[in-house]
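The same chain A turns up in both complexes below, where it pairs with chain B and then with chain C.
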Partner chain A sequence: MVFDVFFLQQVINGLSIGCVYALMAIGFTLIFGVLNVVNFAHGEVYTIGAFVGLMVITALAPPLLAVVPLVLAVGAASGVGLERIAFRPFRRFTDEASQKSRAMREATLLSSLAVSIVTREIMMHIFGGDMQGIPSGYLLQQPVAIGPIMVASGSLVIFATSAVMLGALQFLLYRTQTGLGIRAVSNNQLGARYVGINTDRTIVTTFAVGSMLGATAGILVGLYDGAISPHMGFAPGVKAFVAMVMGGLSSIPGAVACALLLGVSESIATEFLSSGWKDLITYSLLVITLVFFPQGLFGHGRERA
Partner chain B sequence: MRKHTVLGTALGAVLGAMLAATAGATAVQAADREIVIGYQAPLSGDRSQYGEMFRNAAQIKLEEFNASGKLAGAKVAITFEDSKDDPKEARNIAHKFLDNSKVVGVIGDFSSTVSMAAGEIYAAEKMPQLSQTASHPDFTKLSPWQFRNITTQAFEGPYNADWIIAAGMKTAAVIYIQNDWGISALDGFVSGFKAKGGKITATEAFNPGNRDFRSILTKVARQKPDVIYLAMFYEEGAAFAQQREQLGIKIPLYGTSSLYSPKLIELGRESVEGLHLATTFTPDNPDPAVQTFVKEYAARFKTEPGMFAAQAYDAVGIMLDAVAKAGPSVTRESLRDALAATTGYPGVTGATSFDPVTREPAKALAKMTVKDGRFQVVTGP
Partner chain C sequence: MDVNVPDARLMPDTLAPPAAFSGRGRRFAWTLLLLAVAFGAVPAAIVGTGSSYLAQIAITTMIFVILSASLNHVTGTAGLLSIGHAAFYGIGAYAAALLSTRLGLPFVVTLPAAGLIAALFGFLVALPTMRLVSIYFAVATLGIGEMIYVVLLNWVDVTRGPMGIRGIPPISLFGWQADTLLSRYLAVAVIAVACVWVLHRLTHSYYGNALRALREDDQCADSMGINVERLKIESFVVATFFAGIAGALLAHTSAYIAPDNFRFMESILILAMVVVGGLGSLPGAVVGALFMIVLPEALRDIGDYRMIAVGATMFLSILLLPKGMLAEGTALGFVRRSFSRGWATIAGGTPVGWK
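This part shows the complex of A and B:
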């Protein structure tokens, strides 16, 4: 008997892990959508969010909801800092040829990778490589029974946060002046500049928003996992990247849908094969998507210079 | 003619002075001869916490040894290299140690995979290598130059299997990390468990770095085994136990000695209550050598040493005792022979002797369980 309550539990497990990937993929995709470059340091912003959250919790023991604004602020600050260090220096040349040049894009990709490695090593020196436990009052691990299905409270919080983030971001992008600016810059940076949009400010805003979401994801997943380490951003970062590519690179709802799809596929793969196969399933899905849907599952066929 | 004699005398005097100076320098060198032991371990990357423990423990042992005066006429130094738990880095380090003529022996690496990658080079170039933790059965089969002071999974697996069977449990699911060590732990346990009439319901591998075990737990729970056997490290063990509790699964947990660390309880809290494992080291052991080590480690590093720190402390001790036995003018060859002759080294992880043929260590294991938030020795089955 395969399609029983255990199978349903397996789908729920998959959605829980998918939500973790989605939470990270949202901020990641936002930044990619605007700049058209991969921000490899997103995983470190996520880790910074987790560590700052833990430091606040251990130092002040505030109510959980009070931790969130602080993590958001730190996320925004690290986004702005990251943009200043790794991305702005490459935007000095504003002519069309430089903006479309491949070399320029690859340079920012590598500079963000460099920032990510430096940040991770600094965190390792400060906090050590060991896993840090979360004080038990803050853990989001209480089992919640929904009929015969068991879910951790953290899964529900992460699911709700993903939904709120996605909704808020869609509102920001499609209902506000800032969002209009972000979409204009994402569509054509030079064009946006010509019609009087302050592209630098728009890009900084995008980084701030994307990194706020990333940092929040970090602390939430930390509370859900029960432990954080300077390396925690890497594995979900890779999965979020795959979700983003499968979702069509700049579609945020697409990235979320693909993140959930990845989570459920991994979980069901465990049921039929073995857990050791689950990364293979993820990358096979990526390859299949790229072969049959070169624009991603939710892509718009936008030109990529 | 006279001129020549004067010149000759002057020259002779200068030469004599130079000779005397050189002789003096040689004498000074002999007194302060430096013998270097190479230590390769993951000091950065996501296994760096183990490397840090090894280095901490090694420093304590080295200072004790140099202060003890066991080796007259020489000082021993340990040079650390960071292998990042990466076989490629380990090979580079192996070449670096081989090129340094002062290095007479090497301790490390952490994982079996990385230890064996470096071990192939040490085997070919004749450098004695002692790993504190490589427990894959093939490690000591590389060449007569490999040693370890940890019990292998071929020994520990059947030991745990006997323990589980004796407790009246007949079916087991095995969850293991997908690497050389994990596979050897799986093999050791499964063969021992089957030999005693036990039945394995499932063997599930997971990739290193994985922190989500809910889907494995759900799959295993369907088969309702009597026990789940964990072949993994403490970070994963703590996450596994927590998620087991969240999913409301009550199947008891047994595991390999690699789970033994105060961190397991710190991270896993109530969820690891009742977890069983066998280990060579317990900080509660009243043996004065163990208590001295535990106190010194806690005083310096503000944390209680776990099995990994104890393994490194003993590995360094075994290596240094062999250096002392081989004398102040120790070579790689004489150090290997001295290591091979180790019998009854009194360490904090019990007495260690190397089998003259296989160079495998003989050690005793203690049965432990987590009770009331700490590891306690189990007496009975």
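This part shows the complex of A and C:
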């Protein structure tokens, strides 16, 4: 019976990690769906979210609920800025051939990589390469007892925030005009342009929404773990990327499901293996998925590129 | 346009210019110049200044020349975006280090063995992943690269984990030991030149044309009777073989390796070299490696800003020089050069093969 309780606890921890991956994976998926390119700078948006949250907390000491809108705003701003710097210059050619060409896509991928390197190094320069502690008053580590299991309050906050944000995203995508535009552009950019959708504005909106989710994930993890560093974005960024690919690149429910799967399997794996090996689980899942389901688990046979 | 009038750009040169100014002569002169720099100027500078720092940069540059040339073979020529190349470099380095420290094997054995072991892993990786297209393949290589890194870091019994492996013997050849800076540099430079030459011969051949066909449109190449899957696997194996060689050179010249030498950022650095130099162009890969190694060292005075400079350089070069510093010629140009004999004019003055 002891094992069962312990096991359940690990599953809950894993689900909360998975929620963080999911928030990031959605950003990846939205941007991939709309632009058909991978945004490698997404991990840096996450780091920016965490650092801005810390700065606000140390400077103003506001109540916790006031931090979230600020982080959302900064996330949106960094998304818009990222789009302007790393993606807009490579959308000069809007005809169908260029949009499908491999060279254009690789150029954009590498430019986002370059921007992520520069951003990370600048942050290292400003904040130093070491871990920074979060003031203890804001930490979300109080244990909360739910029946026989103890859950950190951070896990609950992460669940709640993720649920709210996913709900809001579903509302945005399926109940508003903007969401219709995003779905149209993601389906066929040229077609959307022909029916009068402002594709540039839609892409900027998508970046803003995706980066808001990423930045929120950053500050949540910062408050949960208690320490942040300029390098913190790399690991969740790669995991979210993996979740997106496993989910089938353009399917948001698929990305969320796979992110939760990754989180749970990692946290269960730490029980059987030492923690250094847990990354191996993620990458093995990725490779196994790709080998047996080359389109991802929830992919629907996108047009071959 | 009248169909019967061939495009002037496609016409073979009916009046061949004097040999010294033709493409072949110019290429020969360039090759001589590069060899003179590699085997004359750089060793002279190393001896003259006696600076171990300078020698170390020269050796690192030569190792990265091999790496970027080999990545160019798979990413530039065959069109498979691989973002886990550093892992195979790591496999080569660890293979050479373990074979020489644990089993005491000489350099003549460890160098090819490192290449072959890396190539074997490349083959095992390529076999299942070659069905994947574009971004899926890139992600698979990323995942496999990280897997290899995690294994190097955590398999402490064999790789000594984060402590790394020390005391790897220097390059030696039948009793001769490369223990001075100059001899170490020369040994690495000879091997690097040989590797680049092999890759050059491979890329500028009918085989290379088949790889380019694969890159441009693999479905079309398939329908033309090219064995796409096999070519992809072969190009990946060749690239990982040379990455393994580069790893062995690193192990034997620096005497110490640790898993952090082979992380994701290293893969990105190699990819940046290929992109800055020009995807698909072998001289571009060499120049890109020189540029991306020498630039941060030249910027050492401004210290911590050099990684920012590397990122900015990468960004600006993609933005301003989308085809890289030494762009690859058009695919048509390659075909024309390769088949130029077939296109030469016959006695009547009409060009053959293009109408």
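Here is the rule we use: the second predicted complex is superposed on the first by the 299 of 305 C-alpha atoms of A that agree within 3 Å, B and C clash if a C-alpha of one lies under 4 Å from a C-alpha of the other, contacts with A are read in each partner's own complex, and residues count from 1 in each chain.
Definition applied: contacts are C-beta pairs under 8 Å (C-beta built on N, C-alpha and C of every residue); 3 or more make two chains touch, one makes a residue touch a chain.
No experiment lies behind these values; they were computed from the predicted model shown.
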item: Joint occupancy of chain A by chain B and chain C, clash or fit; value: clash
item: First, second, both or neither for A:14, with chain B first and chain C second; value: first
item: Chain B versus chain C as contact partner of A:6, first or second or both or neither; value: first
item: Touching partner for A:178 - first (chain B), second (chain C), both, neither; value: neither
item: Which of chain B and chain C A:274 touches, first, second, both or neither; value: both
item: Chain B versus chain C as contact partner of A:265, first or second or both or neither; value: neither
item: Location of chain B clashes with chain C - one stretch out of 19-27, 91-99, 289-297 or 325-333; value: 91-99
item: Intersection of chain A interface sets (partners chain B, chain C); value: 121, 124, 234, 274, 276, 279
item: Touch list for chain B against partner chain A, complex; value: 44-49, 51-52, 178, 204-207, 209-216, 218-219, 221-222, 235, 238-239, 242-243, 245-248, 263, 266-267, 269
item: Of chain A, residues touching chain C in the complex; value: 38, 86, 89-90, 102-103, 105-107, 110-111, 113-118, 121-122, 124-125, 234, 238, 241-242, 245, 249, 274, 276-277, 279-280, 283-284, 286-287, 290-291, 294-296, 304-305
item: In the complex, chain C residues that touch chain A; value: 79, 81, 128-129, 131-136, 139-140, 142-144, 146-147, 150-151, 153-154, 219, 264, 268, 271-272, 275, 279, 304-305, 307-308, 310-312, 314-315, 318-319, 322
item: Touching residues on chain A, where the partner in the complex is chain B; value: 4, 6, 9-10, 13-14, 16-17, 20, 121, 124, 128-131, 133, 136, 141-143, 145, 150, 152, 225-227, 229, 231, 234-235, 266-267, 270-271, 274-276, 278-279
